[in-house]
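Each of the two complexes below includes chain A, the first together with chain B, the second together with chain C.
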Partner chain A sequence: MPSSLTGFEPAPLGDFLRRASSYALIATPILFFIVFFLGPLLYLFVVSLLEPSKTELYGTRLTLENYERILVDDFYHRIVTRTLLVGSLVTGTALLIAYPVAMAIARMSPRWRILAMIALMFPLMLSNVVRAYGWIAVLGRQGVVNSVLIGVGAIDTPLAMLYSIETVVIGLMTILLPYMIISIANALTSIDRAYSEAAQSLGANPWRTFIHVTLPLSSPGVAAGMQIVFFLTLSAYVTIALLGGPRFSLLVSLVYRSAMAFQWTQAAALAFVLLTVALCVGTLIVLVLRPGRVQGRG
Partner chain B sequence: MADGAIDVRLENVSKSFDRVQAVREVSIDIPRGEFFSMLGPSGCGKTTTLRIIAGFERPSQGEVYIRGVRVTAVPPYRRDYSMVFQSFALFPHLTVAENVAFGLRMRRVPGAERRRRAQEALDMVKLEELAQRYPRQLSGGQQQRVALARALVVQPAVLLLDEPLGALDKKLREEMQVELRQLQRRLGTTTVFVTHDQEEALTMSDRIAIMRDGVIEQMGPPREVYERPRTEFVASFLGASNFFDARVIERRGAEAAVDLGFGRGVIAHVDAPGTDLRIAVRPEKIMLAPLGAPGTHDARIREIVYRGVTTHIYLDCAGREVIVFLQNTAPQALAWRIGDAVSFAWEAGNAVVLDRV
Partner chain C sequence: MNRLGHILQIGLAGLAYLLILGPTIVVVIVSFSAGETFAFPPPGLSLRWFVEFFAADNMTGAFLFSLRVGATAAIAATVLATLAARFVVRQRGATSGALQSLFTAPLVFPAIILGLALLLFYRTINVGGPAGLVLAHVLIGMPYAFRLVLASLQSFNLTLEEAAQSLGAGPIRTFFLVTLPIIWPGILSGGLFAFIVSFGELNVALFLTGPGYTTLPIEIFGYLQFPGRQLIIAAASTMQVALIIVLALTIERLVGLARVGRS
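Coming up: the complex of A and B.
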């Protein structure tokens, strides 16, 4: 085929260099990704499939018993259920509070919007440990709330507010709320005003405009916000430990405890259960909200 | 015309944003079935006026009526109109059929009838096969038709069009102009159309309002505003014009001889001798004549621009520029060369006397 012969002319050197440099450009992040993320993950997965060892961090024989134990034992079931419950409560309440706040921010003038966003970032600059101790100072036996209530004579003995699921949820929610607000506010801000005007011109009152147009069009921000908040809840070890107390365990607490007890194979298996939970919930959020409809994918 | 047949009425409508006055005391009556255009450069107030009719802007002063009902304080969703937006604003999360049915759904039309009417509306714009697609899967022209079907399916008293053809390329735009106009005639829907494209306005409208700085400079049928512009702005925004200062020398019946500074001309206008006038002559109304013919002015050709249908010839007449458009029908139009000496003239009736502002 002569035509393919002519198509086989050597590319000029400039072309070659340009292509080589663009490969070099993406090679660095890909290498980084492999060495620092994919590699350790694979290593961890292999560890989760090894038998435990009394003398080493892990044994040499491949086995599924680390996973079997989690699947069979009721204790683990309760922990997974509780993890899902806390994650859903935190994500749900954060969503309910964040959406109206985000709408208010989206309606501000650009200048005030930037100021509001910066204000929302402030709490994120504080360490989680500091914030958890802050909550302890407020809600503890000798905390602000109890002191005030006893001081005004409303109660005689301090209320036990710490170490409960409510406290954990409130503590996590206040930490994670800014992520949700910023994510939704960005989505709302980027919606063209013409969409809601088009809805109104077709007879939709403000409420129906919100339900049929604004809400679905903000779904990318809602989905992203829910995912961020849910994933961060799954990994919020410090807050859960400090506000939930020693007996309140979620999956992440078990991972930590197993690792500290040198049960590496068990910790690795639990870590992958945690990852699976995260992937399932993340997928569920996308399937329900279908943000792809708005983002130009089918 | 009876008052009931006026579909849109603006009464002394003004609108200010902060310190900028976007619309100043605009009054318009649009009778049923009329295709009414608002034309002007950006910032002239045409879009604001449309948005006042739509209810997206509240006028600072004045009243708005749709079908005789005062709607000045009525929210957009309770006004009897629909609108096609410049960006089309098709809902990306809904299919074409759902987009078209949206207005019917908001009016709580039952499901079966809703689907039937949406399908009919899609047939009308020849998009019946694309009902289950999403807007992003359509071309610009198809999106435009969906937007039109979505607006027309609710059978509005008034159809508002905000530069709906601006996003399309030239060829498609010209096709859509004809199609849109035919559809509008057939349905008899009163239409208010906003555009900055003078050709579009001339092609489509029953009546045009030319706006500038929030004021309607002139309002009338396309032929009238084109042939008889009242101000220099209208004459230059709607097509091109040559402007001359003229002083009346003497009256000759219904005509007058004027001094143009570079020679004498005639105009079909009667004024007292000595009156100073400003006149406009369209480039296509100027004829090139053999050199030195009586009643003509001598000039030299400075530039020739061949434009396919026409040739634009730029003359230098005693230091002033005169533009002439020649139809490329006669071989003569193509025979001129830069530097040629020519004479030009116009018929008295083709010189338009402008208002002195």
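Coming up: the complex of A and C.
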């Protein structure tokens, strides 16, 4: 806008004030994030490096023993292995189911696609405790599956299906499945149809077109979906506790229990082990799928 | 061959939707049961478990507390998100990227670690009670509000603001008289989303709730760990489903839910 035409010349002082007020306005959310997000996380990391104390929240001496205990103890090894196993099973089965479903959604007319997406968004807005309760209602002793099986005379006494690793995997997988489907479906709908048409006109059959064109182009959505499902599995304490029972533990259960037992330094170290697992698996997913190859996407 | 593939895909999609939505539908049906204990299908229909829900002080207390926390956190998150998005939309390149990563970081960060970090932080500075939970929920809800407000500002023509200012309006008048009337659906949806996130949130609330200030999801979790009286939880769950349906329909009207899922 040529200011000479409007006769409006911003005074240098007004300009300075405007810029200063714009920085003052952005400073509020940044400060909030420093005080309540970055600061507490840094503080938690420091606590994980301090010796435990019986009277205070933590001792004063710097030490690595909180981490050493996790590294040498077989108990912790089993928990980390089981956490990785559950995380991989949940992410893997979610991917296997989500990809074909996302392809079906991507082919729908825009009207139906919106409806399909809303039906996936809605359960994500519900509390996970409600959705985990749904699985208790389906698989519990008086649940739907047992009622049906007893009703048709297949069994006499109810099957005990809750409190097993399978139930935890099924529960977490179905609770998180919408994230994976939405992520892949968005990636698939944004692929230009001209690519696969070009491949087919050059003689590639549908299968080859899928492997060499569609699949690589959808990798940003696949990578993002896998990361979010894996990360949310790591944090899902309530779902794991309800479907796995009081004696089923993953890393997150140990973090929570140590904190409730006031073992702050141990809880802090376990939290950073969990974060390390998340970062390693997240990086691995990016390295294998290389979503950065697809132009214009992260 | 291709045809068979499509039929398989449709079948699998049906199965996926059943697995995703089925269990919640069972809970909603069972909450209208007339029976004493859990049974599917219910022996008869009644509203007795909703009556019990409203008669149980801890349940209604947790429900009202969740509403208050959600509303307070949503308003604060939306104000912060609008301040942040107004600045970010005018930046390019590295600054914009860095600030967007910062403000959306709580979205992917394992919330259980955040809950632990905040609990320890509050204990050290001797803050506690409902305020600590609200502040944590502001943080958790902010990424959603930020994305929605940013998206609506990105499709807003910034020259309109320049025009208002060149005609002599100050920045505050410009925002309330020009920008807000155009982008309000994005801001309101952002606030509703922040409310929804707070209302169902578990991982941070596990650490930051306590006697006298428990949210509804944590109260439900407490009930579920011990057997018995499970039908009152079905009623509590149905209350939540109903509330979320109303809010989701409102967001759909304002900006379109499918668009939210894309960002």
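We adopt the following convention: the second predicted complex is superposed on the first by the 261 of 298 C-alpha atoms of A that agree within 3 Å, B and C clash if a C-alpha of one lies under 4 Å from a C-alpha of the other, contacts with A are read in each partner's own complex, and residues count from 1 in each chain.
Basically, contacts are C-beta pairs under 8 Å (C-beta built on N, C-alpha and C of every residue); 3 or more make two chains touch, one makes a residue touch a chain.
Predicted model only: the values in this text are computed from it and were never measured.
**Student:** Answer with clash or fit: chain B and chain C placed together on chain A by superposition.
**Tutor:** fit
**Student:** Is A:294 contacted by the first partner chain B, the second partner chain C, both or neither?
**Tutor:** The answer is first: A:294 touches chain B but not chain C.
**Student:** Pick one for A:208: touches chain B only (first), chain C only (second), both, or neither.
**Tutor:** Only chain B; A:208 stays clear of chain C.
**Student:** Contacts for A:198 in the overlay, against chain B (first) and chain C (second): which applies, first, second, both or neither?
**Tutor:** So A:198 only meets chain B here.
**Student:** Chain B or chain C: which reaches more residues on chain A?
**Tutor:** C
**Student:** Is A:125 touching the first partner chain B, the second partner chain C, both, or neither of them?
**Tutor:** It touches chain C, and chain B stays clear.
**Student:** Determine, under the contact definition given at the top, whether A:216 touches first (chain B), second (chain C), both, or neither.
**Tutor:** In the superposed model, A:216 contacts chain B only, not chain C.
**Student:** For A:172, using the defined touch cut-off, is the partner it touches chain B, chain C, both, or neither? Pick first, second, both or neither.
**Tutor:** It touches nothing on chain B or chain C.
**Student:** Smallest separation in Å between any Cα of chain B and any Cα of chain C in the superposed model?
**Tutor:** Nearest C-alpha atoms of the two chains are 12 Å apart.
**Student:** Quick check on my understanding: which residues of chain A belong to both its chain B contact set and its chain C contact set?
**Tutor:** None.
**Student:** Once bound in the complex, which stretches of chain C touch chain A?
**Tutor:** 2, 6, 8-10, 12-13, 15-17, 19-24, 26-27, 30, 37-41, 80-81, 83-84, 86-87, 99, 102-103, 105-106, 108, 110-114, 116-121, 123-124, 135-136, 138-139, 142, 159, 162-163, 166, 171, 196, 199-203, 206-207, 216-217, 220-221, 224-225, 230, 233-234, 237, 240-241, 244-245, 247-248, 252, 256-258, 260-262
**Student:** Any idea which chain B residues touch chain A in the complex?
**Tutor:** 54-56, 75-78, 81-83, 85-87, 89-93, 102-103, 106-107, 134, 136, 150-151, 154, 160
**Student:** Which of the residues in chain A end up touching chain C in this complex?
**Tutor:** 1, 3, 6, 8, 18, 21-22, 25-26, 28-30, 32-33, 36-37, 39-41, 43-44, 47, 57, 97-98, 100-101, 103-105, 107, 113-114, 117-123, 125-138, 140, 142-144, 147, 174, 177-178, 181-182, 186, 206, 227-228, 231, 234-238, 241-242, 246, 252, 255-256, 259, 264, 267-268, 271-272, 274-275, 278
**Student:** Spell out the part of chain A that touches chain B in their complex, as residue ranges.
**Tutor:** Within the complex, chain A touches chain B at residues 192, 194-195, 197-205, 208-209, 212-213, 216-217, 219, 290, 293-294, 296, 298.
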